[in-house]
Structure formats: structure tokens, C-alpha cells
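There are two complexes below, and they share subunit A, which is joined by subunit B in the first and by subunit C in the second.
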Partner chain A sequence: MHDAHASRAGETSVPLTASAVLVNKVGLHARPSVKLTQCAKKFVAKIELALAEDGPWTDAKSPVKVMRVKAPQGATLHFRVAGADGEAALAAMLALVHDGFGEV
Partner chain B sequence: MTEIRLTGRAAAPGLAIGPVTVLTAAVAERAASGDPAQEAAALKAAIEGATAEMVKLIGTLEGEVADILEFQVAMLEDDALAEGAYDAISAGISADHAWRSALDAEIMGYRSANNEYFRARAADLVDIRDRVLARLNGADTTAKIAVGAIIAGDDISPSTFLAADWSRGGAIALAAGSPSSHVAMLARARGAPMVVGLGPLSWIGPPPSLALVDGDAGIVVFDPEPETRRLFERRLAAANAAQAAADAGRLEPACTADGRQIAVLLNVAAPEDLADLDPKICDGIGLVRTEFLFEASHGLPDEDTQYAVYRRILDWAKGRPVTIRTLDAGGDKPIAGLTVDGERNPFLGLRGIRLSLARPEVFRVQLRALSRAAAHGTLKVMLPMIAVPSELDRASAMLDAEFATLKANGIACALPPLGIMVEVPAAALRAADFGAAFYSIGSNDLTQYTMAAARDIGAVADLNDAGNPAVLALIAATVEAGQKRGVEVSLCGDAAADTHLTTMLLATGLTTLSVSPIAVARLKAAIAKVGS
Partner chain C sequence: MSSANARNVGIVIVSHSPKIAEGAADMVRQMVGSAVPLAWTGGDVDGGLGTNVAGILEAIETAWSPAGVAVLVDLGGAETNSEMAVEMLAEDRRARVVVCNAPVVEGAVIAATESSGGSSLAAVKRSAEEFYA
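On to the complex of A and B.
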């Protein structure tokens, strides 16, 4: 369901990226957006998401901005993460999307 | 302190006594300070206040309703929502105008979405916008309604009504309002006594602390004298005893004094209405409204969701007939992303079957779910707002096609009988022209279309009378057409539960009435007196 090979470079400066397909029914809607942003806020890393590999990037900690993306079912969500706990943050984001936010 | 006795119109029956909660609906015009720093602080306080209010409300709710509000809280807590508003404020715009424009822009973003689901989120943003505006303008929209309180005010919104707990008493006393409003229907369904049209509720000094509400006679007494209260409490005790006696008879079949068997069916708005109910109290379900499936904030429901709900209702009925009405949106029941906004007269517009035929992609999903559910019980399907036979014919062809496709794909299904609601006078006058498997008279709309008096306009509520001879004549004509064609005729709608009308309705030849669960015991008791 998702690219397991999160590209990993330098510890600090280069962000980690990975992508996963939205499998839950109506896409990144209200409840999933709340879940995703709540999870993202647990990390200090800067976490962004986008519908395309090259952005535009959206702050994954803002439900207002995440909802504006209006990502439908079947869309590929790209994540870009930078910061101390970035690796754990990326894994948590991918797990959420992969599980369909617990509501498939 | 002398008691204040006001006479209005009975909107929901029953007696109640309790402390008074005054709803202040006044939307004060806000005077802008002219100082950006003060305006920004005012907006911040309003957002925080609205958020706190909702967090508190969530604590009293569970399930889907709580989830919807949690989403709203998450949006409100996000600074990104108000960013644009703060920018406008620093440019000299007042807090309320800045907030409104920022949210309207956000709402437009949702309304223009390609995806049905995201379009439906616009309603949440509107709710958020208005809650904060109410705070900014100093109007407290969601009064804290204590359990068992008597709510006094100009009018009450359905959402305010639904936010309160009516399971342990309480009543409503309104200066304006109408017995035919949606809140009145909700009040009757939940058993909350309600009186409307009391006139201005003004008192010198502090508002009254206690009130008696007589939802049968349409009388409200604020701050009753001890003697008034004592007499009222005696009546309340007698009414409770009578209710207990009626409850004891509600499992028995309904029969008039002169021996006519009358079928009593249930109206339900959602499967939750059936929780804790014994199916033995009824002869089946005469009306399942399906609007609730479309009102939840998850966009249009898919086939599986609908099928699961329909099946739950059929399972509850244990083989008794269940009549499900296809989506009756429009009129006073708008659904984001489906109904047409801004119709000049929505009651005469694209509603009911007209909307379903205009949106076949939505209608077909419902017809498929119904065909699948029909394999698991005695299901009947009825179409709302039918005016001409071709509407029934088109819907019937679509149902046949969906059934054939399901069958060809080896999916368990059955073809349910297709009937029509008779609520447009044209259909009542020419009922025999329709090839319907049954007729179900929708007395609320039939009355308002026949009398040309809206159900929710207090000034013409007197005209909105289901007992008017013109309405009764249309009911009798429909019954006659049913007898001629050998198909069943039932009546759902508030007239069925109005026990003052029971004798007149049965005189038209009706033998089937459908009412909300709370009215079953009362109706059966009233039927037993007919013909005595």
C-alpha cells in the first residue's frame, strides 16, 4: 500500500519523504484529517503533505489546511518530514494512511 | 409576585412543571471599536468562547454527533482558520466583518469542491462561522438547557432542541412559533409538551423561576400561585396514571368500539427510534424517513451503508411490513450538495421524487440498497411528492432495472412493491390513475398544499387544519380509489396522531394509521372509543 523505502539521507538537513495511497472511503475527510493532524502534532518534526511528489506542500499539523487539500480516495499522499523525530513521525503518518484511519 | 397566565396554541401534548430557562435570541448589532488591537482581541475571545462551548457540548454527546463537533473544534483551534480575518482586522476591518468574509471564502472553497463529501462540509463551516459571530455580537445561541427545564423564548431552532435532553421531562413555551414547525414535530416525537404563539414574553424584573406548561390546552403559567400549582400537580398525577393505563393497552391490537380492526403502524426517522421498543406495539412500520442517512456529515451514503440500515429496521420488525420512503429532500429539508439553494418557493420546487428523478445517480444507489434489503423481510417502497403518473412510471422502470442488474450479478435481492405518497392534491384527486401498489397519505403536505397555508407560519396556522372538510374529502377520495383498485391506503403524518381527528379520519374509510412510537398508546385508546 505504501512505499516502504523511505528515502533517508542526512540526519538533519535533508527531509525524509515517502508516499501512501488513501484507501479509506471518502478520502482525507473530516475525521481522518483530525486524526492525522492530532498524530502529527505529537512530533516536533516539521511534517508536510502533498498530492504530488513536488508539492505544493501543506502543513500536516493544520486541520484547516489539510482539509483544503480535499484529497479523495485513491489519491497518493506524499509526506515530507524534517526534524529530530522525523523518522518516527513519518512511520506514524504512513501507518495511519495505510490503516485507512481505522475506518475502512 | 403574581402568576402570569398566557394562552397560546397547543403544539405538543402533555403536562410539565419545571424551572424556566429563557432563550435570548436577540442578535445584538455589534459596535466596532475602530481599534485593530481591540478587534483582534474580541475575535480571539469569541473563537475561544465558541470552542469552549462546543467542547462542553461534546461531553454530553456520543457517537457520530460528537465526531462532527470534534471536527469543528479542531478547525476552530487551528490558527489557520482565522489567519485571513486577523489580516483584515489589521487593515482596519471590524472583527465581525473580517471573520465573516474569511469564513465565507473558506465555505465557498468547500461548496465548489468536486467531491460530494467535501461539498457537504460547507455546512460545518457555516455552523462554525455562526457560533463565533453569535459570540462576537453578544448573543448566546446555545443556551444551557438543564434537564427538565421549561424553555421560554421567541422561537427555538431544531439544533437547540436536539442539543437538550428530553428523556427526563422539560417543555417548551414560545412567544412565536407554530404547531406545524419541525421543532413541534420533534417535540411530539420526544414527548416534550410545547405551547406556541403565547405573544411577547416580557416581565418586569428578573425572569420567572418556575412554569407550568399545559400542552393539551395551550396554556402556560409562569410563577404559579401555590393553589394553581397544587391543582396542576394533581392533574399531572392523574395524567401519568392515565398514560400508564394506556401504555398497558398498547401491546393490544387496535379495535373500535363497534368492532373495526384498525392497523396502527409506526413512523420512524432513524433506526434509533426503535431502540427498546417491542415490535408487538405495532402492525408494522408505515413510514421510514430516509433523510437522516443523508443529513449526517459524511456526504451521500453509499449503497452498503443504506442497505445495512434498512436491514436493521427489517430485522427489528420481525416479518411485519416495513414501508421505506425514498429520499424526500428539498422543501424545508435541504441537504448540502443535493438540494437546490435559493429557490424562491422551495415547497413548490425541486423536492421529493422530482429531485430523485433529476439526480438519478443518487436515486439509483438508494433503489439498489432497497432491492437488496427487500430480500430480508416484508419491504414496501414509497415515493414522496408524486403529482403525475409518469413520475411513478419512471421510478418504477429504474427500480426494475436496478433489480434486474443485481439479480444478473447473483446478488440477493427482491423487487419490493412500489407505492406513492398522496400529498399533492393532484394525486389525491386522480389517485386511481396511478398504478401504485399502495397509497400512503401524507397529511402534513396534503393539508398545506390544499389550504395554501404553510406549516411553519404562525399567522396562517389556523388555516393549516387537517380536519378541514376539503382535506378530509381528498383523503376520502384516495381511500375510495384504493378500494376500487384493491390496494391498501394508509395515512402517516401528524393528523394520524391527533386524537381529536381520529373519528373523522376513520369515517373516511381509512383502516391504517401510522404514528410516531410515542403516540401509539394514545391513538389505540382513542380508536377504542370510536363508534361507542
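On to the complex of A and C.
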């Protein structure tokens, strides 16, 4: 965080984390990856995902990197978000995964 | 294409095969949606496999956006003809059109995904080119 955002960052500098199980049949393949990155880009918060609680973390706003995670159905997706709208971002990410990206 | 957002970078798909170009455009529309200006061109002037500068210019015109246009190409002539088309644009437009060094289908989907989030032309190009990174 830059100093200019210090006052805001004060409340949100600790990243929020949560996880959800991938329920859609094909896992995080091309189409869900696109949906996930499109959703992530709506937020200013830094959003990362991983297959394990301790990473390695992948930028959720990069469609190429998200596809490379190759998360299969049944995998647990861990999210780590930091930023002013982090809470809303995390809720949106979890909702998307729970809904199976609209394709279950 | 009327619902496309003028703020978003336009995507042009250039393949030797009109079927590939159209199919890649279908994938973009279905996976990314219609927020991104999109056009495709493929085939030579006689309808055979190949590319032609006039067709590419027309596609750039169709997908034109003040934010710029990213062109995805397949092989050889698609790239050189696209570069030639860019050279033929008016000077103020030339700097806002880039040919991406990315696979045509995957690159088009990724570029459009990046564009749909309102990213700059440079970011759209960078993201498409991550495939070869």
C-alpha cells in the first residue's frame, strides 16, 4: 500500500481469506476462468487464489494465470483479498464459485 | 456489435481461414460477452485460404474503439498483411492499433477478457502475450 492510501489501508491492510469448493463439472477451465477474472476486475482490491491455504497465490485478475492453475472439480479454491472493497470482492468470488459459474 | 462499449479496446481476428476467424469470434462472444468491439476477417480476395489487407482494414474499422484495437493473427501473411494494414491507417489511428504476438484463438479470448474489464491497449496486448511468456 502506498502512503497516499494509508488511512483507508489502515482498516483493510490485513488480507481477508476464505475458501470454496469448485462444484462445476469441469473445474476452473476456460469459461469459468474468464468469468472469474471478469468478476475480479470489477474490484480495486488485490484478489488472489490458490489451491492450498498457503499458496502459491495466483492473480485472480489474470485470465492466463487463472487458467494455468487447472483447478479440477472438487478442488478447494482459497481466496486472499486486500483493498478497500475487499469484503465485497471476496463475497462476489465465493458466490461465483458456489454457483458453479452459472453452469452447474 | 452495436452493444459494444466504446471505452473498451476492440479486438480483430485475422486468420487464413474464414472459418477459424469466425469460430474464434464465436468463442469470444460466447465466453466474454458483447461488451467488446469485435471483428474478424479471413481468406484471400478470391475466397481461398489467405488474408487480404482490405479485409483487415475493414475489420479494424468495424472494431474501432478510441481505446485502440488489438489484432490477433495466425501465420505469416496474416501478420505481415496486418502490419501493412496498420501502416495504411491514418496517422492518429496507427499508434492505437497493435498486432499481438499470441495464438489467435486463445489470444483473442484473453485479449477480449482483459478488454471487457476496461483495461488499456497495452494491458490487453500484455495479457494476450502471456501465453508465450
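One rule holds in what follows: the second predicted complex is superposed on the first by the 94 of 104 C-alpha atoms of A that agree within 3 Å, B and C clash if a C-alpha of one lies under 4 Å from a C-alpha of the other, contacts with A are read in each partner's own complex, and residues count from 1 in each chain.
As a convention for this text, a residue touches a chain if its C-beta (ideal position, glycine included) is under 8 Å from a C-beta of that chain, and two chains touch if they have at least 3 such contacts.
Computed from a predicted model, the values in this text were never measured in an experiment.
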Combined model on subunit A where subunit B meets subunit C, clash or fit: clash
More subunit A residues in contact - subunit B or subunit C: B
Partner chain(s) touched by A:K25 [first = subunit B, second = subunit C, both, neither]: first
Which superposed partner A:K42 touches (first subunit B, second subunit C, both, neither): second
Touched partner set for A:V34, first subunit B, second subunit C, both or neither: both
First (subunit B), second (subunit C), both or neither touched by A:K70: first
Contact residues common to both interfaces of subunit A (with subunit B and with subunit C): 30-31, 34, 37-38, 62-65
Interface residues, subunit C side, partner subunit A - complex: 31-32, 109-110, 113-114, 116-119, 127, 130-131
Footprint of subunit A on subunit B - complex, ascending: 67-68, 70-71, 74-75, 78-81, 106, 109, 113-115, 117-118, 121, 124, 297-299, 302
Subunit B partner contacts - residues on subunit A that touch it in the complex: 25-27, 29-31, 33-34, 37-38, 59, 62-65, 67-68, 70, 72
Sites on subunit A touched by subunit C in the complex: 30-31, 34, 37-38, 41-42, 61-65
